[in-house]
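Next come the structures, one after another.
In what comes next, chain A is part of two complexes: it sits with chain B in the first one and with chain C in the second one.
Then we have the complex of A and B:
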């Protein structure tokens, strides 16, 4: 599975149109001749930005969990991903 | 499937002949750093309260910028250099995308097509194991599963303290041929990592994780069989057992005419078996693409050469030197060569004038098992006190323990306890006669030809007089009983 997008009934056509548009655009890009163009991983002209190994204060547990839909005993609570055995 | 230890499926090898085991290793190692890979959160300890070493960056909140940790990059480069890898001039980070709750961003920052290093090797017991690559990435969080099977009400709890902790991934080519070799490879790798100071590499603490890729094929075949990857291995012993189990499982499948499924399998320490970890949620297509938030790294040659020059003597070189310079036997070299602290202690004590073989004996027999190291100076002094006959070995053992505890010199401690060795024959003769009188049965046994009876007599003699020179005392007993 590559993505999981929740859709309300009736929305399918709306999103199908958008996704098709994106795919068509990708197809258009595929037609460009990129033969002599080197692969570009970055467009900014900076390199080798490293950070010294200095610990800095973290968030508190309360802050870390503040936006979580659900939390239990200091942990994020999520639906099970465990397979039934 | 049936248990591989069962006999029902065990068929004799078919016309293909003997099976050959083929193992490649992926080893994840946590470099020695104080902070995480891309943010300043401290590296926590096992057992810390959940989600107390997290920030906007490692929680994957929107709008944050990850910045690589220089110490982690250096540890990775040193490891690559120690493994004889090529270091390219350009390297970059990539996003490896997959959906799993232990990965808050929905991707792991790793390295894909331009890793930090490639094409190295590690010599393990005379076999050259090729290293495909060593690259840097970040660890994921930890999940705890809980719930009620009956009501199918399962949920998982996520602790992100580990998320973003730096990891080096060391990938070997499939050059290992047995569980023994795979374990020895992992141990040698740990020795190397500790020697160069790149990692503590404690498997039990999760600082080193070994994931063997295992397949089998008929000997002589040049094609690789279908492989499985094993995870959840927490010790060298578990690594060895998991491979033995998996090889046997694959043999039984193939000999029964079944096929091996390419998959990830987990090792269960409790059940001592591997089990399938296939998950329908898990995509095999990671959709790697360059990490747009981290500029590429240009690996400056002067920096690389500095790191290379800064490497200490590597374990293989050290072992060769221990043999060449000191003619130490294999057993001593195996112990002393595997631990940088022991090797430094050996070198220091020998430099301080103690005889090499005796220093090695003391390190192998006393220091290494205790795990507590005296200073090189004190060990040298102790060895000299024994070798010049000033104190006995038994006395020296006690002195060593006290010297390690207090840091005081062996000569001081020996003098304080009045330790000395008595080699005077007339004094020892009286003692030997007393021992024979007190142990008539042992004495009679010895005279009757039971040579082992001497051990009991010597034990009693040393109990009565720890300071007695055992060699002289033994000769006297032999003479008196002869």
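Then we have the complex of A and C:
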């Protein structure tokens, strides 16, 4: 549910079987003692760069909406997120 | 005559173009005719871009006539379906992006366009670059030009197959765990993954952002080197791109291997599942490099056995986050008439994503979820440190690391699709390079049972010139030329 992917009947068993096989392999990481090891999130050392805070051209509204599955009044159309009362 | 033009390298074609013996239009026409004849069998391309190639070939011929031709003037290029090209349908091999026309062009592609390359079309790949066979494409599988019943490797299988079949002179791919090097090996062409940060990722449809790099496929080490040098360098639109000059990848790369120390990791040399024919091709390649004056030493990468496990947490975790943007709102497939927003997400993503993508998004979401984060994602990032340290230690004892690129040659279509873990093992020799951010190349080194074998060379970060030097020396001394497959 967190993944926001719908499942069809039978999918649950199919993916559960495959994912538990993969997780079983992944569990070997627990054999390693990593208590004092720092995590790597960024693998190369690149200094953070700041850019000048200057305005520059961006997409026009038309370009931004060009790929929209549903657009209305210059906006993306989505289902209502609040119940009607 | 026209088919002969599809066997050339950039160097050879550029000479003929500059002499005026052929035009860019001739070169493009020769490739288009070959595509028309062969791609119905190989299926390397998802779509063709005549409106782009006609304009670019005209421009190339104009510049050739004026005598100010840029380095890739008129060179036919294929682009993997994960790199955005303004106005050209780009779908990451996925149904969820069917019809998407990007409003901008990826920096790597734009730089090759500026260098004069002519885009022929968009190549097939595993959906969102997740796979090692191109069978996970949301459209159709690509076939290996050397044996149409076998896979071309993946995920950049279409790009590798296009170059191998003489349908494009160079191609672009992306490599997250081996997706350039492994298909290059299986199709018998040169494929290179640069150091993380060498090439801007702007306009690359992201899979795993801390691992992804864009790189070239080519028919010679020289061609790969020149293409890479032209697409490299700082891009203000990618904060992880390096300000190192692209041309440094060419430094001294023709100097040969005399006096170099080449490390063979014992964990790679004897990796589980390596085929005897692959092993003997690698042994022969090492003998060639020794003859050229290199010293071959044994090194160790002790955490190799944990690499796949760490990779299969980090890559799915990052992909689950990156693919959250496919929500059916701004672009792509959508269940716009769903009763509520949650149903819209669930149905759009169920219908739009194929089973491998769904599997990885679920795995990644799980690994990042509250209560499991420390045990999975954080643990994997720590193991990533150990793997990087393994390489740091190894590079104290050698200048470059050599191994097979893939433990096997191209395998039959369908043979690994039922067991995801068996497919993941295809990348066991390549994904360490991504976890450690290293440059790596695969260069053809003979055949086993008539199918191509690839020699992988890995270098320290920013050591593209070292990697290219070893590969070029091997290519030159071995006489193993990248062949164009006859196909049919």
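In this section, the second predicted complex is superposed on the first by the 70 of 85 C-alpha atoms of A that agree within 3 Å, B and C clash if a C-alpha of one lies under 4 Å from a C-alpha of the other, contacts with A are read in each partner's own complex, and residues count from 1 in each chain.
By our rule, a contact is a pair of C-beta atoms (placed from the backbone, for glycine too) under 8 Å apart; a residue touches a chain by one contact, two chains touch by 3 or more.
None of these values were measured; they are calculated from a predicted model.
Visitor: Can A:41 be said to touch chain B (first), chain C (second), both, or neither?
Guide: both
Visitor: Who does A:4 touch here: chain B (first), chain C (second), both, or neither?
Guide: In the superposition, A:4 touches chain B and chain C alike.
Visitor: Quick one: is A:53 in contact with chain B, with chain C, with both, or with neither? Answer first, second, both or neither.
Guide: A:53 contacts chain B only, not chain C.
Visitor: In the overlay, answer first, second, both or neither for which of chain B and chain C A:73 touches.
Guide: First partner only.
Visitor: Let me test your reading of the model: by the given contact rule, A:61 touches which partner, first (chain B), second (chain C), both or neither?
Guide: A:61 contacts chain B only, not chain C.
Visitor: After overlaying the two complexes on chain A, where does the chain B footprint on chain A coincide with the chain C footprint?
Guide: 2-4, 41-42, 44, 46, 48-49, 51, 59, 64, 76-81
Visitor: Could you list, by residue number, the parts of chain A that touch chain B in their complex?
Guide: So the residues of chain A in touch with chain B come to 1-4, 41-42, 44, 46-61, 64-65, 72-84.
Visitor: Give the list of chain A residues in touch with chain C in this complex.
Guide: My answer: residues 2-8, 15, 18-19, 21-23, 25-30, 32, 34, 37-44, 46, 48-49, 51, 59, 63-64, 66-70, 76-81.
Visitor: Which residues of chain B touch chain A in the complex?
Guide: For chain B paired with chain A, touching residues are 33-35, 39-43, 49-56, 59, 67-73, 92, 99-101, 143-145, 147, 152, 154-160, 278-283, 285, 287, 290, 292, 294-298, 300.
Visitor: Using the touch rule from the top, collect the residues of chain C that touch chain A in their complex.
Guide: Listed in rising order, the residues of chain C that touch chain A are 99-101, 103, 195-197, 210, 236, 239-240, 242, 303, 305-306, 308-310, 312-313, 320, 324, 327-334, 336, 338-347, 349-350, 353, 358-359, 361-363, 365-366, 369, 375-376, 378-386, 388, 420-421, 424, 435-437, 461.
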